[in-house]
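Structures follow.
In the two complexes below, chain A is the common chain; its partner is chain B in one and chain C in the other.
This part shows the complex of A and B:
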């Protein structure tokens, strides 16, 4: 097998990696906003759930979470009589989203808390409900603050997708392992693998920068 | 049976208690890998930080590209590379050392930024004041810059120590018997993954909560104005 023949299977794997990254980044962002805003809620139950979620998923290892969802959850389901067997792709996306969502929640919370107090007071003076203040005043100002950290988390997420190869999901790393087992050509295949991840991370970083410029466009207009 | 300890499958609680000594052995490996990886990250990170700050672009530019490359590629792939490629060039390291080295290399890219940020956070007025007092550049660095950078650097390093601990399970791919790998083996042999994997999750939660509290305590305890080196 000539090394140029590695490209086919690797690209197939890369496509799976890209899809995993896209889905888990989007679901992770939704979870991040939910838990990040939830942690600032005045409702004790919502706050407790948000804090518990953030602490559990930030406090344990992603691989532990992945194995738990894939190997342990079906047994937990069996004990209570529900079928909780997840296909690898669902377990993978779920673990990645829950993990990155917990990290993102702290970013969202920090950015919202950093919006100046005067803004809340102005909202109240204009007779906005707390919900309106949050939606139309606080969050639009907090989002540009979150973007640099979200960019880092997206790259983190891309790197983390490599772990799903351990639950037999055919991502980039999994395909590379298959080729290596077949050809024993470790040096070439792992070098190609490293370079592919690096290239994908550079593209992702550029995309996040563009997104950052887009959501902060009102800022440059003002100053 | 694993490491000479039998498990008791009569009830989930009995199972949990009976595998505690087995998980403990895995946990000691996790802690050893964390400490060794952290030391490598601290040392190598300092090297990167110095190279990146070099006045010559011929040195600083390659250092920047290398750290960016390390930071943007997954730990698991770096471990595969170290474990399967280095032996082809005659460098054969035991799995544990490969793992700790891989962890250290990955995190050195992050710690180098911590050093840089810590040193840059010491304002230019401090350096100017030192020059006005006729300090040599070396003297300024060791007696003015470093003492003030330490309280800024230490808490961030503490956070990376916790991150390294959470990445140790990845070392299982190169056959290191850390706590998750041990729990997985127990699960493979008993067909009961729920108890061992949940216990690993709980152990991790305890360790990271304690470690994070320690980092916070360190942050409040360190004097913000700096620590004299004498």
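This part shows the complex of A and C:
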């Protein structure tokens, strides 16, 4: 097998990695907003759930979460008579989203809490409800603050997808392992793997920068 | 015309921790009256406005706006109980505030700053709100700046947007919390001009905390000198500025006019 023939299977794997990254980043962002705002809620139950979620998923290993969802959950389900077997893709996306969402929640919470209290007072003086203030005043101002950290998290997430190869999901790393087992050409295949991840990270970073520029366009408007 | 006060503070107490900012303050404002509040910093002037705007609660006494208690409402047995958020929401509709630091929304254009609350809170259509917003920008002399963001404007222009934004909610009482204190000296005039123009409006009740003594003298029906959480002296601008009866007032005016 000539090294140029590695490209086919690797690209197939890369496509799976891209999909995993895209889905888990989007779901992770939704979870991050939910838990981050939840942690600031005046409702004790919502706050408790948000804090519990954030601490559990930040405090345990992603690999263990993944194994738990894929191997342990079905057994736990069997014990109580429910079918909780997840396809590898679902388990992978779920573990990655929950994990990145927990980290992202702290970013969301921090950025919202950092919006100046003057803005809340202006909102109150204009008779916005607290919810309207959050939605129309606080969150839009907090989002640009979140973007650099979200960029980091998205790249982190891309690299973490490699772990799903361990539950036999055919991502980039999984394909590379297959080729290596077959050819024993470790140097070439791992080098190609590095370069591919790096290339994808570059593209992802550029995308996040573009998004950042878009959500902060009001800051950079020139007279 | 009835002389029923539109604003009434009845023995109002306000504390921040160990510090008592208002000591059984009695203070009334009649409908349409333009009142300036002057006094040294820490005398509780801004606190009066912030209590009216429901940004600060009170620790004693009763504040009434339009004849109705602001921080209290009638409970089931008719006794006064602390106000609910719904009551405050209803009461706030009568009031508007112009802040020292403008507090514009930096992520919205000038026009959006003015139209957002009328649309979301008053339920105006975008079109109605825009028409009204444009009129208000005309009034404050910023018709050509509608599409800009606050950071693209000078401080004086930003504060004029702040005034237009407060007016867009059609309050019957407008509170000005040191509206020119954060401005460079050369920008103070344009803001005072706008406030002066509003003062000619008969129906609008205005409460102005300021250090601009000459302006207070020009626009006010009455000037109140605050000191240590109480009104030390009040009267027509003429009386208070030319012939104050209290030694403390005299000292303050001397110090600030030097």
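Before moving on, here are some points about what is shown:
The rule is short, and it goes like this: the second predicted complex is superposed on the first by the 221 of 223 C-alpha atoms of A that agree within 3 Å, B and C clash if a C-alpha of one lies under 4 Å from a C-alpha of the other, contacts with A are read in each partner's own complex, and residues count from 1 in each chain.
One rule holds for everything that comes next: contacts are C-beta pairs under 8 Å (C-beta built on N, C-alpha and C of every residue); 3 or more make two chains touch, one makes a residue touch a chain.
Since the structure is predicted, the reported quantities are computational estimates derived from the model, not experimental observations.
On the shared subunit chain A, the superposed partners chain B and chain C are arranged side by side without overlap.
When the two structures are aligned on the shared chain, A:118 is found in touch with chain C, with no touch to chain B. Of the two partner chains placed around the shared chain by superposition, chain C is the only one that A:136 touches, whereas chain B remains out of contact. In the superposition on chain A, contact of A:219 is made with chain C only, not with chain B. In the superposed model, A:48 lies in contact with neither chain B nor chain C.
By the document's definition of touching, of the two partners only chain C reaches A:126; chain B does not. Residue contacts after overlaying the shared chain place A:186 against chain B, while chain C stays out of touching range.
In the superposed pair of complexes, A:207 makes contact with neither chain B nor chain C.
One of chain B and chain C touches more residues of chain A, and that partner is B.
With chain A used as the common frame, the shortest Cα distance separating chain B from chain C works out to 26 Å. Those residues of chain A lying in contact with chain B across their complex are 55-56, 58-65, 67-68, 71-72, 75-76, 79, 155, 159-163, 165-166, 173, 176-177, 180, 186-187, 190-191, 193-194, 197-198, 201-202, 205.
Interface residues of chain C facing chain A in the complex, by the touch rule stated above, are 53-55, 89, 92-93, 95-97, 99, 101, 103-108, 116-117, 120-121, 148-149, 151-152, 165-166, 169. By the touch rule above, chain A contacts chain C in their complex via residues 118-119, 121-122, 124-129, 132, 136-137, 140-141, 218-219, 221-223. Those residues of chain B lying in contact with chain A across their complex are 69, 71-78, 80-81, 84-85, 88, 166-170, 172-173, 180, 184, 187, 192-194, 197-198, 200-201, 204-205, 208-209, 212.
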